[in-house]
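Just passing along the structure, written as structure tokens.
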Amino acid sequence: MKAPESLLSVRDLNISLGGQHLVRSVDLDIEAGQCLALVGESGSGKSLTALSLMRLLPRSAKISQQHILFEGQSLAAYSEAQWRQLRARRIAMIFQNPMTAMNPTMRVGQQIAEVLCLHAGVSRREASRQAVALLERLGIVNAAQKARQYPFEMSGGMLQRAVIAMAIACKPALLIADEPTTALDATVQAEVLVLLRELCNEQNMGLLLITHDLGVVRRMAQKVAVMYAGKLVETGDISRVFNTPAHPYTQALKQAMPSLTEQRDLLMAIPGTPPDLSKPIAGCAFAARCPQAMNVCARQQPADYLTAPEQHAKCWLWDPARTKAS
Amino acid sequence: MQFHADDFKALPAAPVEQMEALAPAPPLWRVLLADVRAVVALVVVALLVFSAFAGPFLWPQDPARQWLSQVSSGPTTARIVAVVEDNPQWQGALVQAGQLMSVSATTTSVKLAWPAVAGAAGYRVYRAEAGEGAGLGVPLAQIEHPWYDDRLQLRERAYRYTVVPVGVAPEGENELSRRATITLTPALTIGRFEAQLLDLPVHNGEVVLPAHPLGTDSLGRDMLSRVIHGARTSMLVGLTAPLLFITLGAFYGAAAGLIGGWVDNTLMRIADFVVALPFLLFMILFRVAMGIESGESGLFPMVLAMVLLSWPGAARLVRGQVLQLRGSAFVLSARMAGASNLYLIRRHLLPNVLPLLLVSLSFAIPQAIFTEALLSFIGMGVVPPTPSWGSLCNEGIRSMLTHPHELIVPAVAISIAVLAFNVLGDALSDAMDVQIRRGAQ
Amino acid sequence: MIAYILKRLAYGAITIWFIATATFFSMHAVPGDPFNEAKAASPQLRQNLMARYGLDKPVTEQYLIYLRNMLRGDFGISFTQENRQVNDIIREHFPVSAILGVAALLIAATGGIIGGAVAAHWHNRSPDRAMMIAVVLAISVPSFVIAALAQMAIVRANDWLGFPLLPVAGWGGISHVWVPALVLGLGTMAYLARLMRSSMLAVMQSDYVLTARAKGLSDWQIFRKHQLRNAMLPVVTELGPTIAAITTGGFVVELIFAIPGLGRYFVQAIQQLDYTVIMGTTVFYGAFLVLMVVLIDIAYGLIDPRIRLHGDGR
Amino acid sequence: MAVTSAHAEAVSGQDQAITLSLATEPPSLDSMQATDQIGSFLLSHLMEGLVQYDAEGNLAPGIALRWQVREDGATFWLRKDARWSDGEPVTAHNFVFAWRRAVNPQTASQYAFILFPIKNAEAINRGELPLSDLGVRAVGDYRLEVQFERSCPYFDKLTAFMTYYPARQDIVERWGRAFAADADKMVFNGPFTLAKWVHGAHLRLEKNTRYWNREAIRLQVIDFPYITSDTTAQYNLYKDNRIALAALDAGTLNDAVKRGYEARLFDFGTLYFLEFNQRSERATHNLALRRAIQAVLEPSLLVYKVLGLPGIKPAYSLFPSGMRAYGITFSEQYPPPAIDYNIEKAREYLRQARRELGEIEPLTLLVGDSPRAVNEAEYYQYVLKQALGLETRLDQQTFKQRIAKMRRGEFDIAAAGWGPDFDDPITFGDLFASWNDNNRGRFENRRYDSWVAKAQSSADQETRLQAFDRLQHIISEQVVIIPTYENVGMYVQHPQLQGVRRSLFGGDPNFRYAWVEP
């Protein structure tokens, strides 16, 4: 399984933190101009996965992977300085809460200009000018004045636009958006999502969208990866995963999915809690909550099964042996 | 891959405990006990409080008793010593000495006599501790007669006495050759008057002097028992003053918060003014203003001044909580359900406020201990003979160069106490954070 | 902002009045009067002295005179140093305390901020642990003990070197300042280090620092541009109590190191019951501290845009 | 801030300059108002009275060339070459002005009483007579005539005291209340001038080039860049070779000895004692109680064990053992009364006191707040409790409050001290006369009063010595005070510094005739 045309390709990514094996053997492929949604409940390891793609993990985190290729380059041996060159310039990130993602004591425009100064090598004045232009492009009226404001003076939606402006300032090839709309009002959410999609199309930018909102996934992504307890349990084409979810977890997610406007926590939707990751898990991590769990699920980890073209699932249900048994 | 027959049979239902998503926050004390430093600090605090209040029974030496023959000594063990006559006005006239000699050498009195030097206007007597170098040592006296009775804080160690005749012309030149020295080690004894004073039982002309594990101070008082009794003062101030001002502040703040309106405004303005008073400055000022009458220990004015100046912190804290609760939905609904003020205070206010007060108490205590020590150190605190760690330090600092233990023992005591309370306070507020975080989940 | 400043100043003025009043009435509660010397003074002479200092008038009248003089900035004449104005005493001794205090504050602030930042940077590793142990020790050992030990250490060091490296006591040169200032600032430094450490830890875990890292800024750039200012905000709010602690802590340090500052003078004046000097210095100190708090509030406003733009935003 | 000034050496042979430290800032250098030790010390170098002490400590001509003391008055003939530091001559009018100002009730000088032997001085000080009635007048510029209130055979000795120093009317009037508050607000007629006075920090004396006896003065500069009352700090300065003379205390003595420094003793001639309150409502009014206390307070235990400072002597008499009068040591000719220190006997006295008084309430022991005073007090408290079962309460007060309380009689036993003002035993002897304001225990004894009166007015040596002897016996028999110790100072002095005179009177230590050995 290789994807030479991939913008980013990660194989067998493992992250542990504080004795907990939080991301386990994750494979990811993102293509330019494409949106991959990483779905999972909180604590499933999706944010860590995203941070690892920029090497922004906490110091105490241990990371290993078979390979990480970005634009055809292996990043595995990159030094911190090289990573810094990569960040914001080629890979950028948007965080969940725009109110806290901005430095409260620095003007918004300045924070955007900072990126430009650093990577585009322009003068401070030019950077400020470009920052205003960026804000304007992202649909902020009176951008010049807004750029001089402090974060606490702006609304959430406006701030998230500013954060996006900061992220795309250097026209990165890959944008990672970690729950970019969770902290926003529903109406603002829609605007931001539209904006992100437009940007992807315009700049042929890859987008890794992290969310637990399946509604958002359906509107944005071409591909989806469902994560549970540090593992990708199902990956595939958006329409297939949505129409015929292969993994019981995905199925549960789909059932729990409310109407588009209603916010609900996935945690509450599925009975039970995720397993304790500080101990090794013998079988399928979802087994304890799985309505279709079998004895083997508790004992042995399932392999990756191709359930349909462009759709993979890690579930014993798809084992040929079981098909035979039943 | 080999499978068992039942591998693909349905798994039994998950255990129920897995469903327990939100365990109730553990009680504070349990969080606290899980923290090693908190446990250590607690043990130290318990020991301090215990030794402050039970210590006098464990080490029953009277801290006021003065072992005058053993002033400023280092650690000693119990000794049996002879009682000797004081004979304070010894007239050495009858001694016909051929050379500098000692008539008697005890730690009560070293009596020296020497042959008179013709033409000498007098004699200077010096005393040095043997092995102290070439200097003559301490000048004891300038006298006219050829004998001397040295009683000056004698210890059981080797002394070298030097007698220098003066006025034998020409000075300077001859002086050295006329110097006489003698080296001797007095035997440890106790004078009769002192033995009588101490009421020591005499057997065969001997008495028992008790051990002093931490040595004695400049009046011969047992350091260990001084420190234990000092702990009493320090703990008393350190515990009562914070308890009082936090209670006072809590009631004040609760009253302000509950009554509200202009009363609240006025009360909190007053609190603001009190906060603005420079603390130490006014501690000193109040202490001077209140004055100390004879026989008072000075504890009461200090506690009073501390209470007068320190209550606003707790008042603000409690008022804030009251206001927060007053505005909260559940109190409104409880009120609508007809709950009384008293019920609200007991059911909602106290559980929220008490842990906060506990944390501020645990930080107020070391602060109070510190303040007491500082004031006693600059002589604005407790009055002797009441020992406190601060006044012990004050006494100790004077003999810092010669008897450092007199400073170090109480200083270490203060430091340990403050340290323990500080660590406990840290642990307590950390535990509270844990609780709040768990509770919020 | 201007309304904010005016409000703070007005509030400060009322506080100073409160301090002046509290001082006046405390001093009048003191038993004994300042005209007692070992060599007897006749009742007539004491009467003369009381009249000269206006102590024979009713208390309320004395209070009004006192307030009026204070408004004019006149604190009267010392009781014990009969020919000196309290104003002159303050003018001469306060700069000494101020130099010492500023040096102590600088040492405390720099040391505290750097120490706290270092500890936070190596969170839960040996520099952090060492720093925290040092902090707890510095907070727990009384300043007078540290001062005495420091003095002893200087003596030993000078002995060992064979020439005086640092003066043991007194005042005069730069070399006289460092050790007392360090001793004076040590407790505060520890306190600030602890504060800085926790606020730095909070800042380090904040999203905007993550954002900054995602921007590709280096650690140093992040520290300088994003962490320091935000982490220092809580430290700045604590500068008020800090200045108060250093000012009053100066008493002991000035006493032990024989520094002719106002603090030592104050303690002596109290022992000699020098009414005018006590009242003058207390009110002066009070006013000074109140002013400092106001200035710090204003400074805080300048650093934190939330307050600068919204007035009393907290 | 000049770094160099702080690093000045203790002595400089080349410049004949020495550096010293002061315990405190002088409260006043107005010679008519100064009351304290530091002021007296500085003034004794800056000013000169009619009479002064020479290098051996004997009375010698000062501004007065010669003088004559009679039954009813005295005459002083002034030298004509004496000049103030601004060049003006020192005249008899300067003395008249100074003495009048000192007794002027408006000046409120606390030492005015020392001028009371002068006719009408006391009445003027009470505001009953005009200033011009003071019994002193200038006859021409260089003769001073003094009339006495009563006979005063030791008047010449008094004139060496600082309150008797001359003053310049023009200078005093120009500066008003600020007179002598700064170096440039005063003039000097003594061997040195005050060149610098930075309050609380630095004083500097320089040789007065207009002083009449300038040839005899060898020191050019006496610098005081340190002001500290902390003896440890002073000693450390000495060790660092920053100052030329430092007092020692129990703490620093051992270190000094260890270093081989020569520790020197100096007898201050100061008597410390416990004074009983004899007001009738007090238990200490009872003689048996006082005797009981006297019999257990053996001074040598206090001196040798508690105070523990070499040189300090146990005191047994009202007159210090070194007090000299008429060329003899008083205590040798008239030994102090013997006291039987005996716990059993003391208990007997106490039983008697209990019979007379009933239950004895705890006694209030009024003491100072200095470290030594506190140590001492705790010792007394301990002994009275241990030996007699007498409860005492310590009342520890600052100096001023202690004096105030003593004056108001709010004590039973008070620890007090007395230093001589001038060189005559009467400076101690009249202390407990019923009319003396310093007799704060209100001891009243007609016999005592009459002996004091005799000693004050008689010019006869033998009569006076007899009177003093009677006084010391009455004090002991009536247990007016319990003498405890005579204070001795211990100090180290730079070996190159020579000719420093330690003196009981006229400012101590005296550097007038000192020099630095190169």
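Per-chain residue numbering starts at 1, and chain names A, B, C and D are given in the order in which the chains are listed.
Heads up, the rule we're going with is that contacts are C-beta pairs under 8 Å (C-beta built on N, C-alpha and C of every residue); 3 or more make two chains touch, one makes a residue touch a chain.
This one's a predicted model, so the numbers in the text were calculated from it and none came from an experiment.
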Busiest interface, counting C-beta pairs, is C-D
Judged by C-alpha centres, the chain sitting nearest the middle of the protein is C
Distance between the CA centroids of subunit B and subunit C (whole Å) is 26
Expressed in whole Å, how far the mean CA point of subunit B lies from that of subunit D is 38
Distance between the CA centroids of subunit A and subunit C (whole Å) is 52
Chain-centre distance (mean CA atoms) for subunit A and subunit D, in whole Å, is 90
Touching two or more other chains in subunit C are residues 31-32, 255, 270-271, 273
Two or more other chains are touched by the subunit B residues 291, 379, 400-401
Shared-interface residues of subunit D (touching two or more other chains) are 232, 369, 397, 401
Chain-chain contacts, ordered by label, are A-B, A-C, B-C, B-D, C-D
The subunit D residues in contact with subunit B across the complex are 232, 249-255, 257-265, 298, 300-301, 304-306, 308, 310-311, 314, 341, 343, 362, 364-366, 369, 371, 374-375, 377-379, 381-383, 385-387, 393-397, 401, 410-411, 490
The residues of subunit A that touch subunit C in their complex are 54, 56, 83-89, 92-93, 95-97, 100-106, 114-115, 118-119, 150, 152-153, 163, 166-167
The answer for subunit D against subunit C in the complex is residues 1-7, 21, 24-25, 27-28, 30, 33, 35, 105-106, 108, 110-113, 125-127, 177-181, 198-202, 225-230, 232-233, 236-237, 239-242, 369, 397-401, 403-405, 407, 417-418, 421, 436-438
Listed in rising order, the residues of subunit C that touch subunit A in the complex are 206-208, 210-218, 225-226, 229-230, 233, 303-306, 309
The subunit C residues in contact with subunit D across the complex are 31-34, 36-42, 44-45, 48-49, 52, 77, 80-84, 88-89, 92-93, 96, 151, 154-155, 158-159, 164, 167-176, 255-258, 260, 265, 268, 270-273
